[in-house]
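Several structures are given next for inspection.
One chain, chain A, links the two complexes that follow: it is found with chain B in the first and with chain C in the second.
Up next is the complex of A and B:
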């Protein structure tokens, strides 16, 4: 899900940054409006750590394997904090592990970070059942992550298929991209179930972590 | 008359052609070529089966010198043109994943580096350092709040 350097044309990488910068600014503006941001930084830091190492957790989906992304979980628990947290996580993954790249940091932030904000808004719908409702929390936690991974995969496929490098065999590459996208369908359900589990667990042991989200 | 001359030339030509072919016998030439084999794997350890390879010669970094496909084990081998010394770029890509390595070829000597410059131990230490920093940040702000 991390697009590396040398895949997308320069114009697309620049466009990625051009979109990521105002989205980051908007997220920071929203965070500041919510009150003292320092209160939520410990939670955001811990989830950034989880996001940072999640890309090492590979789940075999024959014939390929996919890795955890956790963007839906970040959105559900962090709200607007998710976007800057994902940006920092992606930056560290790019410079430390070579997952993704610095030229594509903007594009990857959009592909993974924007769906996290969508997940946040889906997770908020649980308040229709009341904030303390376990079933509602589980269902909307599940849907939030399911949609986050689904949207990320969609954006990833659209970007890659439209900008297949000219020197590659386009048919082979298209098939490989679609095979990888198909591998993300089980991941949608895995991450959905994981987010449902984590949010329901938090609701029971530390319900204050989910208040106001 | 005219016909017989043509026939005669034709017969002479047939007789002549094989003699030129056999007169020199067999000849085998050889040159020592440097064969480069690459193995491409994802960082999960599984091979990049059927991944596409693009090789760029030092004199033309924009158009691939050779393109090909890895086998099921992620292997691909090729013989670079040693008359073009410099840094050759080898890019392996599949489904939005990929990497590039650089191999320097100078008058027969080949030196290069693997793209994954870190060992597992180094990666673990880097990950631990980053997480330590993140936990420190978390604890710092938790303390300020209290």
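Up next is the complex of A and C:
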């Protein structure tokens, strides 16, 4: 779900940065507001690397396999650190593997990072059932990731179809949007289930990881 | 410790010697100017500029080609599809499929822009150690939280990658096969992900204590020193600004 360099016009790339900068500033403001961030920085950084690595786990979906984005899980565990973490993850993927791009970094950060913040707020609703409630944690973990991937898919498809430099027939465009969106539906459920299992695992093994880093 | 991205940072070329702050500004401007181009006749000029900068950088072509392989797959899908689904001016037919002129032009534009921008990005970040590039960004206004997080993430990425490799090997040795989808297998993979997060979290607590002992947070101005621009750095930036402006002006006026 990373838009590579060269696909989008400059205006859209610039708009991506224009939105990503204030969102990053807002996330950093919220992080600083919670107290001295120095203690949290090593935790957030290493967990960013861990999420990066965990996204290399391939889930078998015959006849192929998929790798996960984990933005919903990142939002659930990292809170407001999720947006800078995703920004850094995307930057490293772009410069190390050529996955995504530097000109589209702002756009990709919005497509994946903003839904992670939505996921954070959805996951916080689990406290309605009590912080130690396993079912509530699983359900809201599932919903957080489902919504995060759903929103990302919507943004990704709209951007790709509307701004790719090609004249497409209206019917073809509609079909392409539908095909791309439908192709991501299984991923939404897989990510949701993965987040539910991981959050329930963490609740049993390291519950303090679920109440903020 | 030497990282994949830093393996050619020690070479000696004008681009390696260029002040990282000016290099960053110049390359980013050129990347945005390239993404602004939509006239096909500007593509050869874009490719020529990219090839020239690549030649000056002295980075082996194998390094660039190895990094182009994975993203090229996505490009391939788009380039294959566009001539058939985009446009109405038919160039020729392949069986029942029409190959359209507009689609071919769009595919060519996307491909050249993609390869040029990606190559520039790789040159930018592989002609200096990443720590230097991050310090340059820090001196240009990158918030300290982002700078620290980027460096720490990069520092521990491959170590945590080794955790995953070890744990996957342990799973395989115990007979786990991730070829078919099953609820139990899926649960195991989720626990694998969860275990990596727990191990990393515990490790980060020790790392923070070690960082505090070494004076973490006491000297925040450290990242802003160490760069000194010479006249040639400013001239090189001027050249790239001129090139970027040239592409934008020609694109707008023609």
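A few points about this structure:
We take it that the second predicted complex is superposed on the first by the 175 of 213 C-alpha atoms of A that agree within 3 Å, B and C clash if a C-alpha of one lies under 4 Å from a C-alpha of the other, contacts with A are read in each partner's own complex, and residues count from 1 in each chain.
The working rule: contacts are C-beta pairs under 8 Å (C-beta built on N, C-alpha and C of every residue); 3 or more make two chains touch, one makes a residue touch a chain.
What you see is a predicted model, and the numbers here were worked out from it, not measured in a lab.
Touch criterion met: A:77 reaches chain C, while chain B stays clear of it.
In the superposition on chain A, A:97 makes contact with both chain B and chain C. Contact with chain B, but none with chain C, is seen for A:156 once the two complexes are overlaid on the shared chain.
Contact with both chain B and chain C is seen for A:172 once the two complexes are overlaid on the shared chain. Shared-chain residue A:53: touches chain B and chain C both.
Once the two complexes are laid over each other on the shared chain, residue contacts for A:9 go to chain C alone; chain B is not touched. Looking at the shared chain after the overlay, A:198 reaches chain C, while chain B stays out of its contact range.
Of the two partners chain B and chain C, more chain A residues are in touch with C. In the superposed model, A:180 lies in contact with chain B only, and not with chain C. By the touch criterion defined above, A:129 lies against neither chain B nor chain C after alignment on the C-alpha atoms of chain A. On chain A, the patch touched by chain B and the patch touched by chain C overlap at residues 4, 6-7, 38-39, 41-43, 45-46, 48-49, 52-53, 56, 58, 65, 92, 96-99, 165, 167-169, 172, 176. Within the complex formed with chain B, the chain A residues making contact are 3-4, 6-7, 38-39, 41-43, 45-46, 48-49, 52-53, 56, 58, 65, 67, 92, 96-99, 156, 160, 165, 167-169, 172-173, 176-177, 179-180. The touching residues of chain C, counted against chain A in their complex, run 4-5, 28, 31-32, 34-36, 38, 67-68, 70-71, 74-75, 78, 82, 85-88, 102-103, 106, 109-118, 121-122, 124-125, 130, 143, 145-146, 148-154, 156-157, 160-161, 163-164, 178-181, 185-187, 189-194, 196-198, 200-201, 203-205, 207-208, 211, 216-217. The residues of chain B lying in touch with chain A in their complex are 42-44, 46, 50-52, 54, 63-64, 67, 69, 91, 93-100, 115-116, 123, 126-127, 130-131, 134-135, 137-139, 141-142, 144-145.
Listing the residues of chain A that touch chain C in their complex gives 4-10, 13-14, 24, 28, 31, 37-39, 41-54, 56-62, 65, 70, 77, 84-85, 87-89, 91-92, 94-99, 101-103, 164-169, 172, 176, 193-194, 197-198, 201-202, 205-206, 209, 213.
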